[in-house]
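As structure tokens, here come the structures.
Below are two complexes that have subunit A in common, paired first with subunit B and then with subunit C.
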Partner chain A sequence: MAHGLLVKNEDNEVLIDSDFIHYHFLGKYTHSSVTQIPDLLGGSDANTYGIGGNSPDQNKGTQNMPSKGEIYVFSVPVNGSTPPMCFIKPTSTGSSAPFTAIILTKQSGSNWEIRVFQSTVTSPSPVLYCFSPLSQVSNSTSTTHGLKTLNSSGVVTFDSRFKPLKAVGGGTITSPGLAHTGSTGSSWTVSLGVNASSVSTSFTTQSSASDLIYYCPSLAHACQQYTHEESDEGIYDWESYAWARSDIWWCFYRSCFRIASTSSFEANYGVFARGHFYEHKADTTNVFAGLILGALTGGVYFAALLAAIVAAGSFTSANVDGGNYLPYENSYRNTSGNAFIISKASYYD
Partner chain B sequence: MSYGMEIFDSSGNETFSTTDSTWTLLGVYTSNADTSTNHTGVPIMTTRIVTRIMVDQISGDDESYVHTYSLSGSTLTTTAPSASETVKTVFMVFGK
Partner chain C sequence: MTKQAGWKIINTEVNEDLYLLTIEMTSLSPINSISGIRHRASTTSNLFTFDHEPSNSEIETSLEEYGFNPELEEVSGDRLINKIRIDTDDEQQFGYDFQNNREDYLNIMNLVPITIDKNPAYVILKGDWIYLYYTREDINYPTQFFSTNHILYSVRIHKDTGETKRKGYDFDLTISDEVKNSLEDFNDISHIIGTGHFYDEDRVTVYYLAEALGEGVANPLLNVLTPFYGITWEGNNKLYNRYYHRVPI
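What follows is the complex of A and B.
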């Protein structure tokens, strides 16, 4: 630094460097709308009723699937190309608190659209504390007290009147691998709820967990499925019958986080999207005639199901991007190296 | 406080001091979808942290990898894990 101001704190960390842009408090925001990814459902029945020995349709839908989380949509008035840093003030903290994370940060005209995903539906809803470089902050102040720095181009880089970002902790966290471990179902009963152990990391102990806010955009996601198939054939009431049914259920999970204690930050998943497709065939014929379904069981049905999912309709009605949300099977992506920063709401309330 | 610096507002409330800690923005770098990129000229501070953001909403039709990265000296090396299913990723490098 040839000229300017450089201030370091007690730990010899840079606190103010007039050469670099500092984030300042923009405001506290509540969501403008709430949405969910619609279920992706489909299937076909053909002559499935009234056929001797046929498997009924009851309890073969989404009855046993885990509940989805909610998506809160925020519009943050920050006009510039540098993304705002939005800290989540969660609805609660502790080992029973829902997991929450930002899943979308997108410039939209003179605002930035932020979407926050929470693993369970709660009231009240999460709140955002947003920060931005001063060049993108239109807030004004009449106070003449404080400290202001400019870089060599004359751009204001720090101004104490606009509540510069203070951090009390931070680091990186790794999300679990699979969201659901162990069996994913039995017979027609699917079991895809999140049961992975939360991954925890520590930060400098604070006095009150409920005062903490965190910045940690979601990166990880996981996708898991359960499939089941049954078939039968026989003679009933002087008719030969045959039926076959194949089902596929799946969940798409997004990583999200919570303040578990005054010194612990945890990562896990919430159910972001889910779906169920099935194929159900049955037929009868006179007991003296041949059956036609025998060759259609097995992998043929699952191939048909997957083809149907790929061709599934879009989700435009719910204001979320279209897709089948089954991009891969029983795996996960982007789990490592998710940076997080902890601050305090009371600094800005 | 026996030494250091405190900044007060007009009401006499302390707004910032050398007992605080913060992260200073050193740079914002964007790696386009499906493309590995080296970003140079990243300022150096004693401690740095790299945050990543998926800029666009994932559609659910693809695997939506984010770029991996390594930061060494003034170079941020970002790698697309998939040549066809890596999303556009914004890197924000902070220092203190």
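What follows is the complex of A and C.
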């Protein structure tokens, strides 16, 4: 830097650099709507009238499946190509607080749409504290004193009058691998709720956890499934019978975070999407061979699911067709190196 | 497709040094010593994790801890049937099958004085006569006695003489118009649900309901879940008219 301003603290950390586009407070926003990913359900029921009494009709919907989290949709009025940096002011903090994270940032006309995913439904809802380069901040001020820096092109990069973003802590955090550990079900009862231990990391101790806001987009995700099928055939109450049922349950989890204490930041998962497909066939006169569940692979997502609903199997191929019922099989992605920044709401309220 | 009991890995992924194995486990019911078949199968897939590439024995240890048993336990209770096959005004018939009434079934089968190629689905003892019942889809199709398809077959065998009398049952009316028109008072009946063909006697039985079945209700000829009547003619003359219904015991 041949000329300009560079301000550092006693730890040699840069506080102000006139060559650097600093983010400034844009505003505090509440959500405009709430949504959830629709359940992806499908099934072909058997007419079990008169079938042997052990034909299983239970749990053909979302019974025993974990509840999904909610997605809060925010519309942030910032007309520019640089996405705003949005900090979450969580609804609560501590070891019982829900986990929350930004899952989507996209430009929508003269606004930016921000979607925030929270692992459980709460009231009140999370609030966003958003920041943007000064060129995209249209706030006005009557203050006539302070510090303002320009870069070599004459662009204002910092202006103390417009509440620059002040970080009080930060680091990287690793999300758990699997969202659900242990068995994912038994017989026709699925067990896919999040039971992974939260991963914790520390930051510089602050005076009040409830005052903290954080920036940490959701990067990690996991997908887990449970499949079960049974078939039976024989003679029941003077009639031959045969039945077969195949089911696949799955959950797709997104990583999300919480302020666990004045110095602790935690990561875990919330149920982002879920699905259950089954095929159930029964007859009192036809004995058919036991059915084999097709290979279930990850890949194409919703389109394939919808196609699967349309292409419900015929009787003789009564099993759930193999294919793309879920994003991927029993695994997780992008768990490590998720950067986070901590700031304080009171700086901007 | 015939299933085999056991396990197989259907997906493997190594993620951050963690081995994620999705394993499919199949359990089968024991082979039924009478029918010779395994009738029930169960397949479950679940995720198993290891911090190293597991050997087969390590996988099997994990499966054992999970509770996997390749032999499926028999379901009890809900498979029990009403032992009363038919309760008419003047007689009760008790049907026994191997699976649910093994001792009674074998005791009656031991009374049969002739060689039976294939074991029946149900047996009934009525006086000196032993009734063997076979259903249409029974893998023990009674070719020893029948060469014509029916939904139900009965073979009546005298326990002392071995005399055999056969009857095949059909849904609906399956006699010719000529026979039908010759039967006494045939036109007085309606809501016909089945026909019984006697192979060794000049008899025929027509089964019918007092009222039409509701929509979607299965034909009760086999399970007698809806009461019905059956008129038996010998030659062209009515021999008897019986009322069939079930009485839970």
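As a working rule, the second predicted complex is superposed on the first by the 306 of 349 C-alpha atoms of A that agree within 3 Å, B and C clash if a C-alpha of one lies under 4 Å from a C-alpha of the other, contacts with A are read in each partner's own complex, and residues count from 1 in each chain.
By definition in this document, a residue touches a chain if its C-beta (ideal position, glycine included) is under 8 Å from a C-beta of that chain, and two chains touch if they have at least 3 such contacts.
These figures come from a predicted structure and were not determined experimentally.
Now for A:Gly94: first (subunit B), second (subunit C), both, or neither, which partner does it touch?
After superposition on chain A, A:Gly94 lies in contact with neither partner.
Taking the superposition on A as described, I'd like to know which of subunit B and subunit C A:Thr143 touches: first, second, both or neither.
In the superposition, A:Thr143 contacts subunit B only.
Per the overlay, which chain contacts more subunit A residues, subunit B or subunit C?
B
For A:Ser160 in the superposed arrangement: first (subunit B), second (subunit C), both or neither?
first
Classify the contacts of A:Pro327 with the two partner chains as first (subunit B alone), second (subunit C alone), both, or neither.
A:Pro327 contacts subunit B only, not subunit C.
Of all residues in subunit B, which touch subunit A in the complex?
So the residues of subunit B in touch with subunit A come to 4-5, 7-10, 15-16, 18-26, 28, 43, 45-47, 49-66, 68-69, 85, 90, 92, 94-96.
Can you list the subunit C residues touching subunit A in their complex?
Residue list for subunit C touching subunit A: 1-3, 10-11, 13, 15-16, 18, 20, 22, 24, 35, 37, 39-47, 49, 66, 75, 78-79, 81-82, 85, 95, 97, 99, 121-122, 133, 135-139, 151-152, 216-218, 222-225.
Could you pull out which subunit A residues touch subunit B in their complex?
7-17, 19-23, 37, 82-83, 85, 103-106, 115, 133, 143-147, 160-161, 163-168, 170, 172, 215, 217-219, 221, 252, 273, 320-328, 333-334, 337-339, 341
Quick check on the complex: what are the subunit A residues that touch subunit C?
Checking each residue of subunit A against subunit C gives 47, 49-50, 52-54, 177-178, 181, 183-187, 224-240, 284-287, 289-293, 295-297, 329-332, 335-336.
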